[in-house]
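Note sheet for the following structure.
Chain naming follows the written order as A, B and C, and within any one chain the residues start at number 1.
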Amino acid sequence: MRIIVVIGRVLDPEGFVVNRRRGRIFVNREEYLIQPADRCALEAALRIKDSRSVDVEVVALPRCPLPDDDVLRLAVATGADRAIYLTGDGVAKADDAVMARILAAAVERLGGADLILTGATTMDTGQAQLAPRVAEALGWPQILDALHVEAADGRVTAILKEGNGYVTVETDLPAVVTVPQDTVKPRYPDGVRLINVYKREGEMATAVEEWDVAGLVDAEALQPLLEKRGQDFPPERERGVRASGTPEEMARAVADALGQRV
Amino acid sequence: MDFTFSPEHVALRRMIREFAENEVAPIAAEIDREGRVPFETLKMMGEIGLLGVCFPQEYGGMGAGETGYCILMEELGRVCTSTATNVGAHIGIGAMSIYLDGTEEQKQKYLNPLARGEKMGAFVLTEADAGSDAAAIRTRAVREGDSWFLDGTKTFNTNGSFAEIVTVLAVTDPTLGARGGITAFIVESDTPGFEVGTHENKMGIRGSSTAELIFDGMRVPHENVLGKVGEGFVSFMKTLDMGRLTLGAACLGGAQAALDWSIEWAKTRKQFGVQLAHKQSVQWMIANMATEVEALRSLVYRVAWMVDTGQPFSQLAAMCKMYGSEVASRAIDMALQIHGGLGYTRDFPIDRAFRDARIAEIFEGTNEIQRIVIASNIFRQHGVRIRP
Amino acid sequence: MEFTFSEEQQMFRTMFRDFSTKEVAPRAEEIDHEEKPPPDVLRKAANQGFLGATLPEEYFGAELDYVSFALLIETLARDCMSTAVTLATHVSLVAMSILDHGTDGQKEEWLPQMAAGEMIGAFALTEPDAGSDAAGGNMAHSDGTTLQTRATPDGDDVILDGVKTWVANGGIAGLFLVFAQGPEGVDAFLVPKDTPGLTVGYREPTLGLRGMTFNTLYLENCRVAAGNRLGTPGQGGAVAQRARNRMAVVLAAAGLGVSEEAVDVAVQFASERVQFGVLIAQKQAIQSYVATAFAEVEALRYLVYHAAWLVDQGGDLSVDASVVKAFGARTARSVTNGMLQVMGGYGYMEDYPMARKYRDARALGIIGGPTELHHVRVAQRIFAEQDVEIAP
């Protein structure tokens, strides 16, 4: 069985400070984490791997353009069998639409897969569209925001939140499933694997392969939908009204403020 | 000169920091209060390979070298000195002694489970009359055929109360003293005659175990002699050197924590309407702390590099321990002063760090011994031989 | 200049020493480990007249001069710093404030009970939040200008509202000296423990001085008679200042006591401990630690007794109080640290007295005002002589 986990990285929020007054973000410490939801997806994949008597291969792919393969190495250190690092000019400006096409092509190049797991949302941009786009590109069913995932005998079973309770959803493999962050406690990387995959030694020497996207999709497929034209802070949040005085005075002030807004 | 860490060490530090913050830090106050060793945390560390961080992979270790071990001790020292102590005694002197002096069989049999964290280790030396004067030990080992029988009492031992594999130093020839009279033995703690005595009530590092060990006609097979008969003291010196460096790394972590807390407090706390950060007395303390931390950091990782590249490091290791312990003590003292009353209550981590830091100038060779080692080394290079 | 204690003071010193050795020393470890103030020891101290040490006979005090009182605190601190500082708080901060500023009626009502040890005094000045002028909580002393605790007149009474932190003796006191912001400035009030609206709260779990209680005090609509005000309206700042100056001297005396005992203990250890075939006393490094500590102790001794003598002379004590307090804190820290090192591993074990002394001594850098603020006060006086005004 092959499970693909799509992993991205995010700037560590503890390493930067947003100063609205100066209109700047001060990065004191530039460090990256695995997207928390993607990390949960990886954990879900590894738990399926741990529980099966049949061999499961877990392959990590990137969810976005990456300047280095660090986060993929981390995925291998944590237990993924291998990772594919996508390089080439084509991937540098890829948005989710382009990544979906690239990933679909990569899956084919790998010789197919049974399950694609990834995080439900990205922590920094709040995006949730990559997984549905990949599912559409591959023509596979998709299950989003699965709190628990099991895969066996050609079927995937997921538990989702619905209202105040839960619902179980099943479908045939192959399928795309997304996992929200904070659903499972992710395991720590294994020390020996970590040292070896970063030193590129022993079995881990070839664990991360580099593929040029030019070999996966043509130039047209690499055209992004989005064009980034700049960045700015969101508008200031309006503050509320503080009422003081006697209860009668306060009630009057609140009623007036509501009357102006509604 | 390249002062950057290699990619595997960067990745290792990140992993350890996350582990330390999620698993070690949250229970640091509790294990201090309850005076218990966090076995569950040690087990988790073993499972991901941390308890064999510096040993080669062929012996069950992680292969991250002395640099990797310093990183581990620094990150642990940053959040919990007790845990750093437990780990340091296990890796740095317990397992390390077997790594440095063991035969292949001994390494496979004993180092492997220690490196994997399947068993815990300790190094047993100190006695009531043999503290700084370690050669004055009196625990006796007498040979009978293929066995040695050990009798004696050891004091102030770290980990000995729960470790399964311990290295014990005993006198095999009372006429010879340090040169030729002392032998190291690998002892399994479930051997009949191995008893745990009183547990010490310490001011700090209360999440670590310091206990008396009593050997009463304890039989150790001859194949468990570590190194050569009579050469135990000399090989102990080598082990100790390694331990000194990594204790310096733990002190670095502690000093960094003190600095970080102080900066945070100085940003937050106001006095006479002004943040403490604007007070020169506070600025001076922070600047002094930060400078010493940087100097210590450079020293520790330079010496780690020297170990990893096979260069002599004994004198520098002693400096790491001596300077590191004093930097940490100064830093935490300043942090306590900056925090005022809140630094003096057990509701903040400063009190614990203050009590914990104090032992570093005493154990693993008092700073007085470190100074003797350093001065002796220096003068020997100039042809003058100093006796302790 | 006469540098010896009078015959009477020497006699007192012997008496204090006998008492402390017999009644305090045997209980010191337990007081610290159990973190329990010792009512039995305080009772016995009261029987000796110690709880009214400096009070006049008419209030059942022992009429000791302040030098003798400092000797008492020094002696007790040798064995148990918690006991010493408890007593110092009771006498110097509370009882002597009543003596200095109280009406005859107040003195008659409170002082005999305090001297008898039936009513322990606690001092409630520090507050949790830094007001714009009041120094931040954390046992830093306020300069008394803007407190958050309010004293609102209501007819013949005053209503007290606010929170006090780090109230020394809070857990054992029957009488609280509370400082609050009244209409004319800071006021001082004598508030008995059972007054409705006064609640003794959280006890700080301290690193040292574990035989003392430092509590949070809640005043919620706490009504006291105007007759409970100590001193005139707006005089509270001066009351607090004088009290803290007196206290600074005896805190330094406690520092002296814990330091000299630390030296004695370490010297005895060094005289018995053999390593490398000789007593460690034969090692120059050890000699240096001991000699340095000894010199610091001697310097502190004369500073303390000079300051205590100044208390007896009357007059403004501010700078001398800050000097002796800052020096005492530094000495106690340095000496206990050095003497712990002499004892090696044994200095780190709570079964030996050194660890406790080390933890207790550290308090002096913070209680009674952090050293940094004392330095500012001294600098203010020094530069004032050059007509340069230094802001706090």
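In the analysis below, a contact is a pair of C-beta atoms (placed from the backbone, for glycine too) under 8 Å apart; a residue touches a chain by one contact, two chains touch by 3 or more.
Only a predicted model underlies this, so the values are computations on that prediction, with no experimental measurement involved.
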Fewest touching-chain hops separating subunit A from subunit C: 2
Central chain (by mean CA position): B
Whole-Å separation of chain centres (CA-atom averages), subunit A against subunit C: 60
Geometric centre distance via CA averages, subunit B-subunit A, whole Å: 40
Residues of subunit A engaged with two or more neighbouring chains: none
Subunit A residues within the subunit B interface of the complex: 31, 70, 73-74, 77, 188-192, 194-196, 198-199, 202
Interface residues, subunit C side, partner subunit B - complex: 126, 130, 132-133, 135-140, 165-166, 204-208, 274-277, 283, 285-286, 333, 340-341, 344-345, 347-351, 355, 358-359, 362-363, 365-367, 370-372, 375, 392
Subunit B - residues contacting subunit A, complex: 6-8, 10-12, 14-15, 18-19, 44, 48-50, 52-53, 57, 62-64, 68
List of subunit B residues in touch with subunit C within their complex: 126, 129, 131-133, 136, 156, 200-204, 269-273, 279, 281-282, 333, 336-337, 339-347, 351, 354-355, 358-359, 361-363, 366-368, 371, 388
